[in-house]
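Provided herewith is a single structure, encoded as structure tokens, for subsequent inquiry.
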Amino acid sequence: MQPSQVQIHNVTSQVLRGNFLGDPHVRRMGVYLPPGYDARARFPVVYLLAGFTGRGTMMLNESAWDENIQQRLDRLIETRAVQPLIVVLPDCFTRYGGSQYINSVGTGRYMDFLIDELVPWVDATFRTIPARERRAVAGKSSGGFGALTLGMHHPETFGAVACHSGDMHFDLCYRQDFNGFLRGIKSFGGVENFLATFRDIRPKKGDWHAILSTVGYASCYSPNVESAWGFDLPFDVETGEWNDGVWARWKTWDPIELIPQYESALRSFQLLYLDCGTRDEFNLQFGARTFCARLKRAEIPYRHEEFDDGHFDISYRYDVSLGAISAAWSA
Amino acid sequence: MQPSQVQIHNVTSQVLRGNFLGDPHVRRMGVYLPPGYDARARFPVVYLLAGFTGRGTMMLNESAWDENIQQRLDRLIETRAVQPLIVVLPDCFTRYGGSQYINSVGTGRYMDFLIDELVPWVDATFRTIPARERRAVAGKSSGGFGALTLGMHHPETFGAVACHSGDMHFDLCYRQDFNGFLRGIKSFGGVENFLATFRDIRPKKGDWHAILSTVGYASCYSPNVESAWGFDLPFDVETGEWNDGVWARWKTWDPIELIPQYESALRSFQLLYLDCGTRDEFNLQFGARTFCARLKRAEIPYRHEEFDDGHFDISYRYDVSLGAISAAWSA
Amino acid sequence: MQPSQVQIHNVTSQVLRGNFLGDPHVRRMGVYLPPGYDARARFPVVYLLAGFTGRGTMMLNESAWDENIQQRLDRLIETRAVQPLIVVLPDCFTRYGGSQYINSVGTGRYMDFLIDELVPWVDATFRTIPARERRAVAGKSSGGFGALTLGMHHPETFGAVACHSGDMHFDLCYRQDFNGFLRGIKSFGGVENFLATFRDIRPKKGDWHAILSTVGYASCYSPNVESAWGFDLPFDVETGEWNDGVWARWKTWDPIELIPQYESALRSFQLLYLDCGTRDEFNLQFGARTFCARLKRAEIPYRHEEFDDGHFDISYRYDVSLGAISAAWSA
Amino acid sequence: MQPSQVQIHNVTSQVLRGNFLGDPHVRRMGVYLPPGYDARARFPVVYLLAGFTGRGTMMLNESAWDENIQQRLDRLIETRAVQPLIVVLPDCFTRYGGSQYINSVGTGRYMDFLIDELVPWVDATFRTIPARERRAVAGKSSGGFGALTLGMHHPETFGAVACHSGDMHFDLCYRQDFNGFLRGIKSFGGVENFLATFRDIRPKKGDWHAILSTVGYASCYSPNVESAWGFDLPFDVETGEWNDGVWARWKTWDPIELIPQYESALRSFQLLYLDCGTRDEFNLQFGARTFCARLKRAEIPYRHEEFDDGHFDISYRYDVSLGAISAAWSA
């Protein structure tokens, strides 16, 4: 049988044209086509979303001790743990590390890009089964947040969701970065200077990550295109004084707060999978537990897993989620 | 001239008798009497409050590279940086590390002990100038919080306040400990087991401190004597779900929120001194900046210093605050 | 002009067949061919060696903030900072993370593979200038060690050497890992258990790296194919007792000790470039300084650079070394 | 019965007069006299040696969670775990943090001070049993090294030795500090500037400790009173080049190397006790294991304990060692 292929396609977006950060509107998309693709009619599709500072094609990177996504999928399909499927690896990177897969005037309309442009393009270009019942969205970290958020907003597009160590309970996962931001920003010469030079700062250590993450999330959750930086922060950079109004804008995206609002979407999924490591460096295990406790109270079905592990090098969990998605499709 | 003396006295409290945590109601108090004490009529007094996990007499400990409080005071008086004064070193330690110098049903009535029992005892026992204009309160970390809080509640007792790296802006300084609590509590067998065994756990590292601090502060700020632990936590120990009601109880003690309520007290001080390190490990520099910014808006006089330093080994700053108190007395 | 290409070739080695660790003897090699490759006769070649736990093709990985090697070379050639050249990306990975590019009965004959098989294959397959004057070897970390070591052993093959943050002064760079090994090995169930399970241990943190590195280097420097593990360690795993004999075997590979032995090779290079970060996490800046101080005493020409940086994310320095190699070829 | 007393005496040394570092030759000694001291004829004595940066009287410091030495001894005697005894708390501090309790031209003749001056003074001043069979020496960290070293050199003075987490296997315990020294010394402006300013540097963090320790040990083990600094270092400060000659001087004090030389002393003890934590931050557990393994091979009796703990806050182990000493005296 013909082996699997990975194709890299440039996809041109209309909605990303002229985006606020000046990021490209032509994006490189990776597409995994399963062994025997040419021999069969149509396949279900998983959209696999990279984490913050990641692009989809980076899942094709080689590493020392782990499979890349092609090797993983080949094995899963060969061992029949997962049925043959197409996997799409989108690029929603921004200047500041990521779009969280949402629409923001401070970054671009990445949710619209995915739903209105990429999914139709995939269905037009590859032999997909173009139905929500055979289209899933999955990801880890910010990609896990993205999978859950896309699913909640667009249940007509996605029938299954897998969220690995996804951003949620923002008070627990993001605020610790704010401390690093406050402590460190002066050593980088202030916000404006950081924004101008962050790519060239070496080594990229310690507070650099906390500051960049805060900038990236703020550009998504609390953009302010009239302001000097393009976003508002939920705290005063000098005194740390808290800004409830800005924080309230972030929280409109916090999954743990959104179950009532998206209850029918959440209830509609063939599979709603969440997991986290018990030692997650961003405290996301607590967010997942809270989210699932609230699903339970609302009697919404879900699957929740915990692993004795941290936040990084966790793609082995795709074995679990992709297996569960595949099983849900077969049910 | 007769050299300085340090006396250790056992002081019996009525208000601490039968306190909730079973801590002693007889307390060892250190009292510094300046050189020439016996030769002069009366002296002003500073009450110097220890930080969390400290007792006043621990300021008499020897250390490798620094003066203890007696050596420091001797030098400051000898060089006329500070006028001869009495310094009282109270013990408000509790089973969980500290009372924050406030009244709590979950610990004891430590504020009342200080104001209603200790100050009168000191004035009755030593040749003090028994007037708020010659009575100051100072401290660092939780002792800085205590100094500020005692001053705000009892301006009739204290005419000057010095707060070194004091607890404030609780969202910034305490929440990071909650993350450590959540991550670590399981490894200690849960809260009940931690409460039963924490003194014997070795080594006392990492999350141990975060958990103990959280327990200690909760016993002060959100006691619940009907509950299994004696206090409520502002989060669910399993899921991290936030409890706004409990957190609101903590915040009633956050100095940055209390300026309007205690405005006349704050305005009444001969000296209101705050400082912090620019690299404070608990982010307290931001609390001090916020507090001072709000004082400024309210046109309340204060003195604010920052040092290029962290949170520990900072008693060298007593040179500054005691000098300022002494100058205020002489003004 | 035709753009640059990267080709991936499977190269079959005879000398690696049946190697002790059971690693593959067919290896994937990346080869960068410059823009306009087809239009010109012949090109000089750089062999670029990956660090410990790396393979050459991993330099083609995408990353968030940096170019991969193809993007870097394209830019350097386009801006004429570097003349058009072929870059070979060898794979000398082993079960334990790397071969150090040397021959070892405990891993395989990787130096012979490179010199006797790969270089001839490259010269036979691509339009190279097959002369030491147009053949350089470069790399970072263990690849920097490899570049220097290959150059010293085989000056007839390589005319220029660039060593970025290369392993040397083993007392300083390796011994700190031994401490981590000693402290951590019990938590992994001992050496045998670690060797059997290290790939599956999650998360791969802290002492895991120290232990794996020690294992990897021991398999190269002090193999013992008669022993249970396949290598000797320079210390007793239980007591830490030092084994001078084993350590002496390691030191026969320490570049700082080898200048007298390889003096004529070292003197023969068109370029001998070394650099390091001033904050190298493995103390390699001191090794480089020692090596260069000894070169200087021996009046052997070299170029030595230091960067205000650590050990990681340092491929930006290829701009410097490749530029210097290119200039040396043009001289 | 009359309670225990702690007396602080100034002891004047002749051998420390005019010592190289200009440290005082009059020293404050703490002496613990047991309950009922005045009622009984004579008592055995333990000399208890503080660690690096410690003085004996610092063992009288109060701490939050632990007894000080007086409280500990009172409890041990009251519960009959230990027989009534005198405990002497010597001060052998130096400008650089400690003398290691040895004679050095670079610090002072601290071993002679202890053996020839302090012990006779104690026997003349207090109602001791002035015999080696009732005189023990104990300590932790550098004090553990001191106890073992004093015992080995002066078995005529001490009949029992207890070494808690004592410095030994210098390659493992000291070299890791050298890395910190090399990395950090530039940020302190070089060695001369560090020596001139180290007491005032704030905060005293990270490499500060590594550098000070290295300086302190070098002043003891490799003094050079003709040199600019007063000591030689076993490495070049700029390049890290190793100096075998200097290191050999250090090693003449490494206990693991000295068993043959002091075999008869070691064999003569009523008790030779060693312990360490299994997670000692300075790798001293390996030194203790090596030392004991070599004692065993030499058929010298010893007692060796390990605790699941680190290097700090370990005075609870005095319960074990003092109990063992007391039992040895009763045997």
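Couple of notes before you dig in:
Lettered A, B, C and D in written order, each chain numbered from 1.
What we mean here is this: contacts are C-beta pairs under 8 Å (C-beta built on N, C-alpha and C of every residue); 3 or more make two chains touch, one makes a residue touch a chain.
The structure presented is a predicted model; accordingly, all values stated were derived computationally and were not measured.
Chain centres here are C-alpha means, and the one lying farthest from chain C is B. Chain D has its Cα centroid 36 Å from the Cα centroid of chain B.
Each chain gets a centre from the mean of its Cα atoms; for chain A and chain B, those two points are 45 Å apart. Rounded to a whole number, the gap between the C-alpha centres of chain A and chain D is 57 angstrom. In chain B, 279 are the positions where the chain touches two or more neighbouring chains simultaneously.
A complete list of chain pairs in contact reads A-B, A-C, B-D, C-D.
Within the complex, the chain C residues that touch chain D are 169, 171-172, 175-176, 179, 182-183, 186, 236, 238-242, 278-279, 283, 286-287, 289-290, 293. For chain D in complex with chain B, the residues that touch the partner chain are 53-55, 57-58, 60-65, 93, 97, 199, 202-205, 277, 279, 307-310, 312-313, 316.
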